[in-house]
Each structure stands twice: as structure tokens, then as C-alpha cells.
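Each of the next two complexes has chain A plus one other chain: chain B in the first, chain C in the second.
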Partner chain A sequence: MDLQDQAVLDRGIDEGLEKLTPERIEKVIRHVLDNESAARLKVYLETCVHCGLCSEACHTYLSRDKDPDFAPVAKVKDTLWEMVKRKGRVDKDLLRRSARIAFTECGACRRCSMYCPFGIDIAYLIMTVRRICSLLQIVPQYLQDTTNSHAVTSNQMWVQADEWIDTLMWQEEDARDSFADARIPLDKEGAEVMYSVIAPEPKIMAQLLGNMAVIMKAANVDWTMPSADGWDNSNMAMYSGDFEVMGRVERAHWERARALKVERVVMGECGHAYRGAVYDGPKWLGWQKPPIPMIHAVEFYYELIHSGRLKIHRKITEPVTVQDPCNIVRGRGLHHKLRYVVNALCENFTDMDPRYEHNYCCAAGGGIINCGPPWKLSRMKSIRVKAEQMAATGAKICITPCHNCHSGIEDIIGHYKLGMHVSFINELLVKAIAEPQG
Partner chain B sequence: MDIYEVVRGPLVWIAFLGLAGGVVVKLLLMASLAKKEKTVFPTMSASHGLRSILHWIMPWGSTNMRAWPVMTTVSFAFHLCLLVTPLFVMGHAVSWQQSWGISWWSLPALAADIMTLWVVCGGVFFLIRRLTAPEVRNVTTFKDVLLILLVISPYLTAFVAHEQWFNNDVMIVLHIVTGVLWMLAIPFTWLSHMFWFVFTRAYMGSEFGAVRNARDW
Partner chain C sequence: MSGPNTGTAAPSSQNMSTRPANGPQDWDMGTKTLLDLERLDGYVAELAVSDDGGHAAAVVEKSPEERIIAVDNQPWEPALEKAWSLRFTSDGRAFALVRIDDEWTIMVDGTPWEERFEFAWNPKLAGGGKVIGVQTKSDMQYSVAVDGKLWDARFLSCRDYALSPDGSRVAAAVQIEELPEADVFKFLEGTWTVVVDEEPWPRKYLNVYTPIFSLDGKHVAAQVRTDATDYTAAIDNQPWAQVFTCIWEPRYRTGSDVLLPVRQQGGWFLAQNGKILWPSKYVQLWHACVSPQDERIAAVVATAYGRWTVAVDDVPWKTTFSDMVAAPVFSPDGHKVAAAVKHDGRWSIAVDGVPWMPTFDMVWEPVFSPGGESIATIVKENGKQSLVVNGRVHSRSFDRLWAPAFSPTGKQILLRGVDGTRVIREVIATTEV
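Moving on, here comes the complex of A and B:
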């Protein structure tokens, strides 16, 4: 138990709670338990023997000196067990606690499913709590803002249609510093690849788009980007529990790809957008799989380098390590391809321990970082193990092929004074493929 | 009809029928609920599900099991003895023979004694762990403690009866009554992990393997 975290004020949660009545609370909880969840929820709750063996899987539990309140099973006990036991007749204190736990102390990274002897999907149980909180409108303010943005603009950061196109044109121009005929082709029907990004790229990291134009040109890829809605599938609604908006975002994304008749979609360096597009979104929409194949940037870079379409001219010499993003490693098994790419680009690579599927989450994913400044200190306290894991590598650069990991690791480096930089592969790749001058 | 005949006759039938009926009803109910979730059955993959189950029924087959060697050893032996002893202990073999004329191999007396004691000691180990490990104590309810006591009771009473430490008739009756309660509790408490395990593990194995190309052990 951490009193400091419990005192955090969050208007999204606190003001939402004020508007709730006992009748509404009961109605919403019963609706989710009775109508929106079925076999999985019931079997998971019946099967759990309360053995606590999931505890050591959780970076929050480990980072907070093994405080039992932060064990995965305790997070379910303090939220969903109570809701089920009391058939939805719970008070506002329990709801406040549930919102804090579900949104800020569990990132749905699913590491604990690999430690539970029965394979109980604890992240799914926590997501059910988030769903209840979303329907009760007690979602952290900053996170809810991203969902509102999705609902209004279809992207996460209120990027307007003209800003989007303007940014692409600006980045196309920048890419021409490297290749005179570099392009960001918009709405090209039948292209081999539609490239998907998330809103932070045009909003605050536009150079990543220009970098991709350089990479695509260097590899001679037939690609395109959509000029209108459907370009951003970062999908924070998936994490706020607003599954209706999540479904809309994913549908818009896939419909755009279908309309462009592309052969496949390449998702930029973002883990949760990939998760949303490949399984959480389709699951909600009742699809077994996405209508068009999607690969993550890591797989794409792997293909380009492995096939020789991209030539590496100079390797990065500084010591590097790599963060295995949960949603593409535990969520897609890309750890070996990731290392192939990293080794192709860098001379001096040291792995973190543990790694691969067993790597610790960055504590930013799952919507936690999107809960914003009120929760930053709590987030930093929850991720000490990651700082220790990174420090042990002695690296100067931490490679993060995921936007949430990138921001989260940057915060960890600052908070724990690790003296490192954080980098996307995209940024290292443009340096590595640049042909030597003269 | 004396009490021994009642517990050995109708009560045992109630236990078997209750257990079998409870499990069947639960399975059917969950199968229909699983159909409501459109992606549960399509996600299931025999090879990935089986791969996961094999890793988790093999001692030390998963990372977490290797992290807790004592717990893993005690737990595996506990579950093995718990399942095997009642099926092959001499006393039960005699009952099968007398009631239904079925005869099969039975355990040597010493092995049965050791295995019975292992179940009791394993249960005590779990109880101690529940009360001393903070992360387990935090989520332990009174019902959890009662269930463990219920699970070890038939084994404890069987051992005491076998050793003839107290009134044998009383012990046999207690043994059957606790055994019946134990069997009836399986479908309706977390003892249901006995049969749910296969499905939860297979589903998670399928999600990890077939959908996410990753390992879950």
C-alpha cells in the first residue's frame, strides 16, 4: 500500500465518482459481468486457487519491495473479486481504488499469464475492470482525453486533417535531403505496403515520418500512406475501456487499408497499436484475424536487411541494449528478429536479463503513461526493476521499437539518472544506411 | 442399515454422481458461454494448447516452477499422490472387488502409506505457505483454509484408521464422509482447477502460440 499514490488527485476519476449513484454503479457492473463477459471471466475466477505464484511476474510488485498489494492476484482481489462478490453493490471508495489499480498499477503486459500455473489471463480480468470504469466514466483524465480525441478526430492527439497532410508533405521535403526523389505517396491504390503510424509521430516526432520516407526509398518499396482517417490505430480507447471507440478506430483503419487495396500493412514502431490492430480490435469486432496481413516495423526491417534490400554502410559503435516491447515480443514473438536487426545495426549490443518473453514491461504501456503527469511518480516507483536491469547492461543507448516503451524508458533514464539515450530503430537505421560521403 | 452401510452405500453414490454430474453440467454451461465469445473456439489450437499443457504438467517445465523448486517438488508430488493413492490403495481395491467385482493392481502398503502422508504433509505445507508468505496470506480467505483442510481430511483419516490409532469404525465413517464432501466440493469450488486447468492452459497456450507466436512457460 502506498499512501502517496492513494492521495493522487485525478479529475477524471474524482469528478466522475461524484456523479455516480448506487443504482448506476450496480447496473453497470452487472451489465459487464452478465452481458459482456462469459466463459473466460467465470472460468478464470473459479480456477484461481489464490496461490500467489503470479506475484514474481509483476514489475510493480518487484519494484515496490514485494508489497503484497501489488501482486497481480491482489489487484484482482481488490477490484473484481469485490465487484463479483457484492454483485455490483460496491461503494465509491472501492471504485476509486479499482480505477487506480486497473489504470495505473497494471499495464496489462500479460507477463503474469506466463507465471500462473493455470494460464489465467489476469490482464483480461484487469481490462474488465477498466471496462467497468469506462462505462461508469471514472477514467484518468489524460487517458480519457486521448479516447475523446479518437472519438472526434479518429486519432489520438487531436491532429486535424490539414495538419496531417501538411506534416507528411513537410517530411517528404526533409527526406529529399537524403534522396532527391524520396516520396511519401498518399492514397496510392494497390501499393505493396500501407504504412501505419500513430498520432505522436505527426504531432511531436515528425522526423520519424521523414526517416521512413528515406528507408522506403533506399529499399525501393512500393508504399503509401492514407491521407484521411484510418491512418492512426494507436487506439488508446482499447486501454481506457471504451471498446466501442476501439472498434470504430480499428474498423476505420482496416477499411482504409481495404479501400487502398494494399497487399499488406506495416505498422510503425508501436506495440499497442499493433496489438489493437492484430488482436484486441479484431476480437471486439468478432473477426478471427485482420482482413489484410499486418507486420510490425521490426519484421519489416528484418525483411529489408535480411533480403539485402537495405545495405548497412556503417554500424553504431556505442554500447546499446534493447527493450523487448511486451506487445510485439510476448504479443508476437518478434524477439529473435529484433535482435537480428539490432545486431545488423550495432557493433556493441548487450542484452537485458531477463529477456525475450520474460522481459519486464516499461510500465508506460497499457495506457499507464497516458494517465499523465498526476501518476508519473507512481509509475516511476513501479519500475525500479527495469532501471536496474538497464543499468546492468552498461549501454549508452536503449533501443525501443515501441512508442510507449520509448517514452517510458526515457522517463526511467531521467528519474533513475542512468546516463543513457533512447532511440527508435528508425533513427539508427537512417544513419546506418547513409552512404559514406566522398 | 447402520451408519457404515449408509456412508459406504448411498453416500458414496451421491459423491460419484454429484462429482460427475457437477463436472458435466459445468462443462456444458461453459461451452455454451464460450460460444457467446465469438473468438474463444476459433482461437483454440490443439498443438499449441497441448504444447503448453505439456510444459506445465512436467515438473520444472516452466520458468516459474524452476524459480520455486521446493514448492514445485511438494506440489507435484502432492497432486500425484492425491490422484493415484485413492485409485490404487488396497482398501479401495477391496471395495471395488466387493461391490462391483472389479479387480485391479493395488499399491504396496508402504507406498500407499507414504503417499497418503505426502498428501497430508503437502496440505500442511500449503497451509503454512498461505499463512507465512505475505503475497499468499494477502489473498487467502477462510474458505481457502477450509478447503485445504477438507482435501487432506480423507487422507489423514485413512492413515489414522489404517494405523488403528483410534476407534476404527469411527475413523472409517469419518474417512468416507470427508471423502464424499471432498468429491462434491470439486465442481463447485476452486478445486475445479482439477478439470478447468486443461482448458485455461490450452486457451492461454493457443493465444500465446497460435496468435502471438510466443511461449507461455
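Moving on, here comes the complex of A and C:
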């Protein structure tokens, strides 16, 4: 138990709770349990033998000195089990605790289900709690604001339509300073590739877009970016539990890809956006798989380097390590391709331990970092094991091919004073492919 | 290989028809070169061809700071700082979004609108393809301009707009209340509405999407979100009494009846004027469309996970497709329905539930001949584009093709495309394919 975390004030949860009546609470919980949940929910709850084998898998449990309150099974026991047991007749204290646990203490990273002898998907159960909280409107304020941004603008950071286009245009200009023929072709119908990004790129890391223009030109890829909504397929609504907004965002993305008649979509370096576009979004919309093939940037870079379309002219010499983003490694198995790309770009690579699908989450993913400043200290306490894991590599750069990992690892580096910095592959790649002067 | 941008996919969420609004007058068989790309000195960023295939235009970059638009190889003066989204009106006037002296506007046939904006984007055509609308921003405020005339009304944000079919009216989804940063409570009170001809609807909504006009231009319908979990259609600011957990874009029938895909009880239905019209429950339902005679309705549906098809009057086609079905298209007489379909990674066209035998890397939207007996489309295979008519692939391939058009008799087809370094128009006999 962490009293400091329990005292965190979050208007989104606290003021939302004030408006709830016992009748509404019961109605919503019963609706989700009876109408929206798959049969596996019941099976999971009935199968769990409370053995606790999942505990050692969870970075929050390990980082918090094995406090049993942070064991995966405890997170379900303290939330969903109570709701099921009491048939939805739960009080506001339980709901407050449920919102805190589901949104800020479990990042739905799915590491624990690999350690459960029955493969129980704790993350799915936690997502069910989030769905209930979303329908009850007790979602952390900043996460809800991100969802509201998706609802209004389709993107996650309130980027206006003109700001988006303008950013692409000046990024094209910037890219051309270093590579004269680099372009960002807008709305090019019939291009082979549509490139998707998430809103932090135009909003705060615009150079990543310019970098991509350079990479695409260097590899001579026939690509385009949409000028209109559908360019951001990241999905915080997926994590806040607002599946209707999630579906709207993902539909906009796939329909934009169809309107542009592209043969495939390359997703930038973001894990949860990949998950939203490839798994959760399509499933909610009725697709068994994405309607148009999507590959993550790691696969794309692998393809370009492995095929020789991109030539590496100088390798990064500083010692590097790499973060395996849950959604593309546990979720998609891209760890070997990721290592191939890192080794192609960097001379001095030290891996983390444990790694691959056993790597620890960054504790930012699953919407946790979007819960904002009130929860940052709690998040840092939940991720000490990652800091130790990173420090042991002796690296100076931690490569993070995911926006959530990037921000989360940056926070860890600052909080635990690790003396490293974070980098997207994109940033190293533009340096590595630059032809030597003269 | 990268080539010039030869088609600006309309960034509109409304029905997108690739069929030229105005057919050509000239149906003489043969090929004509419209533009010689080698004579355009510079990087060709975009190309466009008029609906009748009479004119071709290009955005050519002379230097990073200087672009020109050339129509039929004649450059417009003066040179521009930026130019993009090049298209033609149905009467053959080229237009594009351009930046001059750090300000944006629309340039039509070489003449920029007098009104200038901090930014302008999302041009749309109406009035039979002759009226040009655009979204604008000036002094951090958002508005809409039509044929050079800017609204006086300004808004905090504007996400989409619609022109009435004759182009005389405009509706837009606008933000009319400030929303302080991360104010999730104010958001729930509603900060958005629809503005019609500069007059905002009095009621505010959490969200407003895809406003559209009735065919006579007298009414406006939009998707509205009235509470965090309640969505419905609002017609002229009057939300339906029935709310749904999710909805998609509304469609007008020929009168004032409104169709709306709605989600309830975990499935999708088609509603009309607030009541369920199609009793079948689908895993998905969207892109509802009405036959020209307003007698039949078609929509894209999923009958189960990963089983996509078209339902006509609530009867799904027997064949389903695993990957995707694009918006259906009715033949002019309303008897046939065709759609681009994708199954096991390959695209084709399905007509009344029967897919064409050949499959392709990509297909564009189907185009019916005036009598409905033929269907043409563009396909892409191994990076080259070709015309396909009734499932038969034309022997020639092109670097790019624009949507084909049938002659009034259906006996000829107009092709507009890029063949090497030439932009051409070609009229062929339908039977040649």
C-alpha cells in the first residue's frame, strides 16, 4: 500500500465520482459485465487459483519492494472481482481505488500473462475496469482530455487541421536543407505507402517528420501523407475505455488510407498507435485484421536496410541500449528486427536484461503517462527495475522506437539520474545515412 | 519510384465520386498529348487533367522558394511561394491552393482571389463542380470562403464543412465556446455546433461531425454527440429523440428523410428519421447510399467479423470479402450496385454481389456507363495502372490514370493518364477493351 499515491487528487476521477448514484454505478457495471464482456472474462476469473506466479512478472510489484498490493492478481482482486462479486453494487471508495489501479498502476503491458500457468490475460481484465470507469466518467483528467482531443480532432493533441499541413510544409523545407530532393508528398493518390504518425510529432517533435522525408528520399520510396484527418492513428481513447471514440479514430485512419489508394501503411515509431490500428481498432470495427497491411517503422527500417535500399555511411559510436516496446515486441515479435536495425546503425550496443518479450514495460504505456503530472511520482516509483536494468548496460543512449517509451524512459533517466539520453531510431538513421562530405 | 502527385484525394468525409462531373464534348477516337513533362523545367509536384480531358495542369517547382502552375504548358504569372491541391472545376478552370507574399488563397485560371488568408485548405466543389469552397484561418480564427467571398463569421475552430448541392449555402462544424486546457467538465457541456450560412445553431454539442445538406439545399443534418455516451443525428438543430451509443455519417434521401447508421445492443442498424429502417443487426454498417431514383438503399456491412459485403435494402450479398468493401455505387438507373472489394489481400470490383475474376494490387472506384451496361475502373498492378472494363484489362498500362468516363452512348471511353513523359487524353471504343 502506498498512502502517498492514494492521496493523489485527480479532478477527472474525484469530481466524476461526486456525480454518481448507486443506481447508475450498478447499471453501468452490469451492462459491461453482461453485454460487453467476452466469455473469457468469466473463465479467467473462475480459473485463477491465486497462486501469485504472475507477481514476479510485474514491474510495479518488483519496483515497489514486492508490495503484494501491486501484484497483478491483486489489481484484479481489488477491482473487477469485487464488482463481479457484488453484482455492481459497489461504493465510491472501491471505484476510486479501481480507477487508480486500472489507469495508473497497470499499463496493460501483458508481461504477467506470460508467467501465469493458465495464461490469464490480466491486462484484458484491467481494460474491462477502464471501460467501466469510462462509462461512469471517472477517468483521470489528462487522459480524458486526450480522449476528448481525439473526439474533436481525431488526433491526440488538439492539433488544428491547418497546423498539421503547415508543419508538414515547413518540415519539408527543413528536410531539403540537408537533402535537396526530400519531399513530403501530400494526398498523393496511388502512392505505395501512406506514412502515419501521432500528434506529438507535429506538436513537439516536428523534426521527426523532416527526418522521414530524408529517409524516404534516400530509399526512393513512393509515399504520401494525408493532409486531412486520419493521419494520427494513435489512440488514447482505446486506453481510457471510450471504444466509440477509439473506433471513430481508427475508421478515419483506414478510410483515409483507402481514399489515398495506398498499398500499405507504415506506422511511425509508436507502439500503442500500432496496437490501436492493427488490433483493437479493427476488432471493434468488425475487421479481423487491418484492411490494408500496416508495418511498424522498425519493420520498415529493417526492410530498407536489409534490402540495401538504405546505405549506412557512418555508425553511431556512443554506447547504446534499446527498449523493447511492449506493443511491438510482446504484441508483434519485432525484437530481432529491432536488434538488426540497431546493430546496423550502432557500433557499441549492449542489450538489456531481461529482454525481447520478457523486457519490462516503460511504465508510460497503456495510457499511464497520459494521466499526467498528478501521477508522475507514482509512475516513477513503479519503474525502479527499469532504471536498474538500463543503468546496468552502461549505455549513453537508450533507443526507444515508441513515443510512450520515449517519454517514459526520458522521465526515468531524469528521475533516477542515469546520465543518458533517449533517441528514436529515425534520429540516428538520418545521421547514419548521411553521405560523408567530400 | 516516386512520381508526381497526380491525384489529390479529396480530404472530405462526404461521398467521394471519382467520376468526372462533366463529360467531354469531343468523342473523336485517338490520342492527344496535353502536356509534355520534359518541357516543364523543374520538379513536377502535382498534375491534374480537366474532366473533359481538354486541359492538363502541373505544379512545377523551379527552386525551393518558387513554384509555378502551368496549364497546357502555359505558365501562370507570377510565380508562387507554394502551390498544391491542383484540380479542375467541371467547366475546365484549373485551381489550386497558393501562397503569395506569405498569405494563402485560391488561384483560379491564373487569377488569385482577392481575399488572402493566414492559411487555407480543404477545397471542395459544388454547383455541378463550378463553385469552389475552402476552409480558412486568419488571426487565429477559423472560417469558410466560397468563390472568393469570405464569411464575416469567425470561429475558434472548424473541423469540416459542406456546400449545398447548388453551392449557394455552406454548413460547417465549428467550436463556439472556449475550452480551457484540459477542462474535461466544460467539454461535457458542449463547445461545438453547426453553423449554416454564418448562423450558428443555438444548441451546443460535445461533438459535431459531417454536416450535410439535403438535395434541395433547404435542410442540414449532422452527427451530434449530446452526452458522453449519447450520439444521434440533428436536423436543422433538432436532435432526434432517440440516442445511440455510436453513429456514422448521415445521408439525405431525395426529400427530407435522413438515413443514419446507428449502433445499439452491440450491433449496427440503419435508421431513418430516428427509427430503425433495416431490422437486421450487423457487425458493422456504414457508407449508406441511395439510388438516383430514391427507390433502393445500399450500404457496406459486415455480416460477421471479417465478412464484409454490400447490403441492398437490408439484404446482404451472398458473397462476402475478408478485408474491405469500399463505398457502393448505384448505376444511373438504380438497378445495379458495384463496389471495390478486397479479399485475401487482393482488390477487385463486385457487381450485384459477383466479383470480377481478375484481382489487382489496387482498384479505384467503379464508374457506370450512362445505360448501366458497362463498368469501368482504374487498377494498379506491379506499379503500373490500367483501365479495366467489365473485368477485362485494357492492353495498355500507364504510369498514372485518372477516373475514366463513358460517352453518352457508352460506346466510347475517355482515358486521361500519364504515359512516360506525356500527359495524354485518349478516346477508345469500349469494345476495344
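Keep in mind that, in the parts below, the second predicted complex is superposed on the first by the 438 of 438 C-alpha atoms of A that agree within 3 Å, B and C clash if a C-alpha of one lies under 4 Å from a C-alpha of the other, contacts with A are read in each partner's own complex, and residues count from 1 in each chain.
We take it that contacts are C-beta pairs under 8 Å (C-beta built on N, C-alpha and C of every residue); 3 or more make two chains touch, one makes a residue touch a chain.
Keep in mind it's a predicted model, so treat the numbers as computed, not measured.
**Q** Just to be sure I read the superposition right, which of the two partners does A:286 touch: chain B = first, chain C = second, or both, or neither?
**A** It touches chain B and chain C both.
**Q** Kindly classify A:3 by the partners it touches after superposition: chain B alone (first), chain C alone (second), both, or neither?
**A** neither
**Q** If we overlay the two complexes on their shared chain A, which of chain B and chain C does A:61 touch? Say first, second, both or neither.
**A** After superposing on A, A:61 lies in contact with chain B but is clear of chain C.
**Q** For chain A, which side has the bigger count of touched residues, chain B or chain C?
**A** C
**Q** Contact-wise, after the overlay, does A:332 reach chain B, chain C, both or neither (first, second, both, neither)?
**A** In the superposition, A:332 contacts chain B only.
**Q** With both complexes overlaid on chain A, does A:114 touch chain B (first), chain C (second), both or neither?
**A** In the superposition, A:114 contacts chain B only.
**Q** In the overlaid three-chain picture, which partner chain does A:43 touch, first (chain B) or second (chain C), both, or neither?
**A** It touches chain B, and chain C stays clear.
**Q** For A:226, decide between first (touching chain B), second (touching chain C), both and neither.
**A** A:226 sits against chain C, while chain B stays out of touch.
**Q** Scan A:73 for contacts with chain B and chain C and give back first, second, both or neither.
**A** first
**Q** Show me the chain A residues, by the header's touch rule, that chain B contacts in one structure and chain C contacts in the other.
**A** Touching chain B and chain C on chain A: residues 283, 286, 288.
**Q** Can you list the chain B residues touching chain A in their complex?
**A** 30-31, 33-34, 36-40, 42-43, 52, 56, 62-64, 67-68, 71, 133-141, 144, 190, 192-193, 196-197, 199-201, 203-205, 207-208, 211-217
**Q** Which of the residues in chain A end up touching chain B in this complex?
**A** 38-40, 42-44, 46-53, 55-57, 61, 66, 68-69, 71, 73-74, 77, 113-115, 117-121, 279, 282-283, 286, 288, 329-334, 357-358
**Q** Report the residues of chain C in contact with chain A in the complex, numbered from low to high.
**A** Its residues touching chain A are 1-3, 5-13, 16, 43, 45, 64, 82, 84-85, 118-119, 121-122, 135, 137, 142, 157, 159, 175, 181-185, 187-188, 192, 206-207, 225, 228-229, 231, 245-246, 248, 263, 265-266, 283-284, 286, 302, 305-306, 308, 322-324, 326, 342, 345, 361-362, 364, 380, 383, 385, 400.
**Q** State the interface residues of chain A toward chain C in the complex, per the touch definition above.
**A** Of all residues in chain A, those touching chain C are 11-12, 15, 35-36, 135, 137, 139, 141-142, 144-145, 148, 151-153, 160-162, 165-166, 169, 173, 176, 181, 183, 185-190, 192, 217, 220-224, 226-229, 242, 244, 247-248, 251-252, 254-255, 258-261, 263, 283, 285-289, 291-293, 372.
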